[in-house]
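Listed next: structures, encoded as structure tokens.
Two complexes follow with chain A in common, the first pairing it with chain B and the second with chain C.
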Partner chain A sequence: MNTLQSIVASVWDQVDMVLGWQPGYDPLHPVPAFVRDPKDIASLIWNPLCAPNLSVYLAKSFKAPTRGEKKIGILAKGCDSRSLTALIQEGLVDRNRLLIIGLPCPGTVDPDALTSVRTQSGPITDVSFADGMVQLTATDGVERVPLDQVLARRCQRCRHPHPVLYDVLLEEVVPRPVPKDPFAHVKALENQPLEARKAFWLRELERCLRCYACRNACPLCVCQDQCLAESRTPKWVTQKDTVADKFLFHMIHTLHLAGRCTECGECERVCPMKIPIGLLKEKTAHIAMDLWGYESGTDPAAQPPLLSYDASVNGL
Partner chain B sequence: MRDEAVTITNQTESSLRIVGFLCNWCSYGGADTAGVCRFRQPPLLRIIRIPCTGRMDPMFVVKALIQGVDGVLVSGCHPKDCHYAVGNFYARRRLELVGRFLPFIGIDPRRFRYTWVSASEGQRWQQVVTEFSALIAALGPNPGFSAHVR
Partner chain C sequence: MAMKSASFVSSADLSGLLVRLAEKAELWVPAPEDTAPHRVTFRPFQAGMDLDGHRLPVTSPKKLLFPQGEELLRFRTGRSSSEAAMETVLLEESADPRPTIVFGCRPCDARGFVVFDRAFLQGPFVDPYYKARRDKNLVVSMVCPGPDAACFCGAVGSHPADTQGSDVQMIPVSEGYVLHALTEKGQELVRHLENAPSQAQEQEARHVWESARRSVENVVSLMDSAPHFRKRFADAAFWRLHTERCLSCGVCTFLCPTCYCFTITDETDGVQGQRLRSWDACMFHHFTQEASGHNPRPTKAERFRNRVGHKFSYFAEKHGHPACCGCGRCLRHCPVAMDIRAIVRAMGETEDVHA
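Right, the complex of A and B next:
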């Protein structure tokens, strides 16, 4: 039986470092781990609470090769592996630098949903997962909740729970079945009249703090030092807190990800104001699929549609 | 300051505004041809000359519409006639994408149009501007996103 630890230990001689998750400040929030010392391998964990997309660190912090020729090991769920593939497609990360440990994913848990469905009130001391159930151990007893009930929105619509790109696969978990209509949330909004859609976005984006957490958590938002949102020349958004400025910031993020977004949902997960900004990117992904039959992050050799063109007179 | 200037302009001239992004090599020449030929055109359009439609950032379209411009018209060389060979092929994909994205955020997609007009097509330019202006006039003013009161 291969466990996560045994797999990491078996590839340790090929890597300088492994990116994974370790227990965080409470049982509901595992945090990213950068394992550089083999004795820390034991601290790595993998469960449906390991939500952070680790590929965000690659283009931003580990672009250039470090000491020697060794690789960077990275744990990747289905969505994470799509982000990695997109980074490789655009030449932002070198495939040969990566050793990808694929994790078939049962879906990740939204800690807020979990908190709202539990009936106990005591602090949670332990969380475990078995047979599609989440078992919560709190100071006032044990409770079991179905995993399906507490899945994050991004996981309810996940098309690739099984990693699309990996070197080693951890065959421990059964991946979540693919839903019938991954774009159901987008379509639900589209079915409303134009005015209602505008009112929806004004209401939602009114809350935006412009903390840029969505941008920082995005694995494909790679030009952070030169981000248009903070540039003064050209000056796209002002320092005012009007909804128009907030809207413009989100348009920058969305349009720069058009045809690139792998729908990992990190922008939405990290939003402190719970704004469903993932919908904006899902819509662009939906358009790219409609127009060019393109699904970002599924083929390392594919060219993103907005970086290429159709040279016929009436084509697109 | 700028916002004040915009407000004053809006107050003094209450007419509608269309922003036109015109490629230097074809449509700008086409608009010039239309002017030289004294073809009558509605006065709503304000022209911004760009080096090529490949210069079009979809953000130009979105920012203009968010700020309350009533219409955005992008025009460039016909496909296969681009001065830079492929600029308008890239533009075509971006513009089509942004055009399909606009209704999702609650902006009427009819307020945005992209088209191809060559330098010799003064007549066609007149027709494009007249049709688009009539459409914008029928749609009325665009409230933009700034008008939202908290």
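Right, the complex of A and C next:
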């Protein structure tokens, strides 16, 4: 059977670089890797801790090919492949520039959830995965935790654990089954009375630091250095440390992603204050499905509904 | 350790002490979050709140002395009564800050305030807003119960029992804490507790203190990195390579107990408004954006280089220690685990010097 290394090696002559993951400062934090030297292929890893969505680097750093360049290889989980598709749909990345290595995904681990269920406290020296279990080796012993129990929220609700777009596929891992109701979290919040929902968001957004990690980690937040959050002319958002200003930024962020967001959940993963900010985007994704039967990032040829205007479309 | 005024507080009496302190000052403690008890943040103390000294807090207490958004003054424009055409601006200074106590922070967080003091109090200009807060502030730190994989206080001239920046140091012992006063302000607090530790408790405290101090003795030092930084400064390929995965967000700087860069804006609402000083981050594109449109640090490579340079070269050479307390938040909470330690170490490696 193919391994990650053998697949990357087999396509190496077609690419200038492979975007993947390699070990970080500890076993819980694999980091994005930009492999340009074939001898570094051996350092690539793929496991449920490989959380970062690598498509975030494409529109920002590698959009325009120069003459004579080969392709960019990129490892893509199901959610990542949707982000790639959306970038292609919007003309932000050239499909022909990419060599996508698809990774059927068992779901990614939320390190916070893992920390909270651990019974040991010593530094973790090794993490391995087998038979739906996470095995943690720490300085004070070994323990096993079911993967299901420590999955990130985005993965608990994932509809596309199998990549939607790829050139080669690593068939090593069995993808996670699709849940019955991917919008259960949004609905649970929506079913609460208005006052309770308001209290929920005030409490959550109060913690926001305005560090903009949610924005910078978003593959589809492509305004980047021109973001209105920092624009002084015109000025939309103040520098005030109030929940009203934080709320305004997050609402604008959400609306700019309406009908575009592919629900990869990076905004929520990277939030240092763990604000469940993905819920806002899931709501707009739900609306897009309801209103237009549209699911972003699943068809490279589809026109995103808010990037077109057709007065005859129902609901406009 | 030299003889200091000392007191013993039992674990059972701790919450009573916190309640009494909260009556005198705005008291901030590391406490578990209501909705996520395994996450600890620094927050104003409320009766019934549990202090968690064991888990590393996500946030530091920095905003107590350096608020994220601080009103410097309020203004209102209006017409002068004598000269109808003349516009007047009425200014109003902000109110004096309240006394504050940081209780139960780690030595790294207390040391963050030492960096602030150098920048805001000990240069050619004294920052009156910071000074007003600092004068009314007391820091009670606790000997660190143990580092994680992101911690590196030992590499920046400190250790888990460091007393720098603390007015009182708490040392966890069986059934409670031994408190040592380190400054006059600290004496004031400890004197009022009137419960001297037993000889056995002092002995245990000494043992806890010593073993914490020794726990980082073998860590590779990053203290003398300024020459390496100067050598690497113009090595553009080095900075591009090492910052390639950075997302250029503000997690590292906003969680950092030593990052003190700010911006000043006038936030106007109709005819009135406030002048606000708020946190800024050198990792943001607009941080060095000039009015002409030119940006001297256009990419994350220049921005990250500046962050390393400020902490380990410019500040270090001026003040004798890096602008870094080794708390590890910048890598622990980074979306892509950017490791500033690894970059500072790599600066000094002689191999792979780029053109």
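The working rule: the second predicted complex is superposed on the first by the 311 of 316 C-alpha atoms of A that agree within 3 Å, B and C clash if a C-alpha of one lies under 4 Å from a C-alpha of the other, contacts with A are read in each partner's own complex, and residues count from 1 in each chain.
Convention: contacts are C-beta pairs under 8 Å (C-beta built on N, C-alpha and C of every residue); 3 or more make two chains touch, one makes a residue touch a chain.
Not measured: the values here are computed from a predicted model.
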First, second, both or neither for A:219, with chain B first and chain C second: neither
First (chain B), second (chain C), both or neither touched by A:20: neither
Contacts of A:29 with chain B and chain C, given as first, second, both or neither: second
Contacts of A:106 with chain B and chain C, given as first, second, both or neither: neither
Contacts of A:48 with chain B and chain C, given as first, second, both or neither: neither
Touched partner set for A:182, first chain B, second chain C, both or neither: neither
Touching partner for A:199 - first (chain B), second (chain C), both, neither: first
Chain A positions touched by chain B in one structure and by chain C in the second: 242
Sites on chain C touched by chain A in the complex: 35-39, 41, 58, 67-69, 146, 148-150, 244-245, 247-251, 253-255, 263, 265, 267, 276, 278, 281, 284-286, 331, 333, 335-337, 339, 341-342
List of chain A residues in touch with chain B within their complex: 186, 189-190, 194-202, 206, 228, 236, 242-244, 247-248, 251-252, 254-255, 258-259, 280, 283-284, 287-288, 290-291, 305-306, 309-314, 316
List of chain A residues in touch with chain C within their complex: 24-26, 29, 31-34, 52, 56-57, 61, 112, 115-116, 121, 123-124, 203, 207, 209-213, 215-217, 224-225, 230, 232, 238-242, 266, 269-270, 272-274
Residues on chain B engaged by chain A in the complex (per definition of touch): 58-59, 62-63, 66-67, 78-80, 86, 89-90, 92-94, 96-98, 100-101, 103-108, 144-146, 148, 150
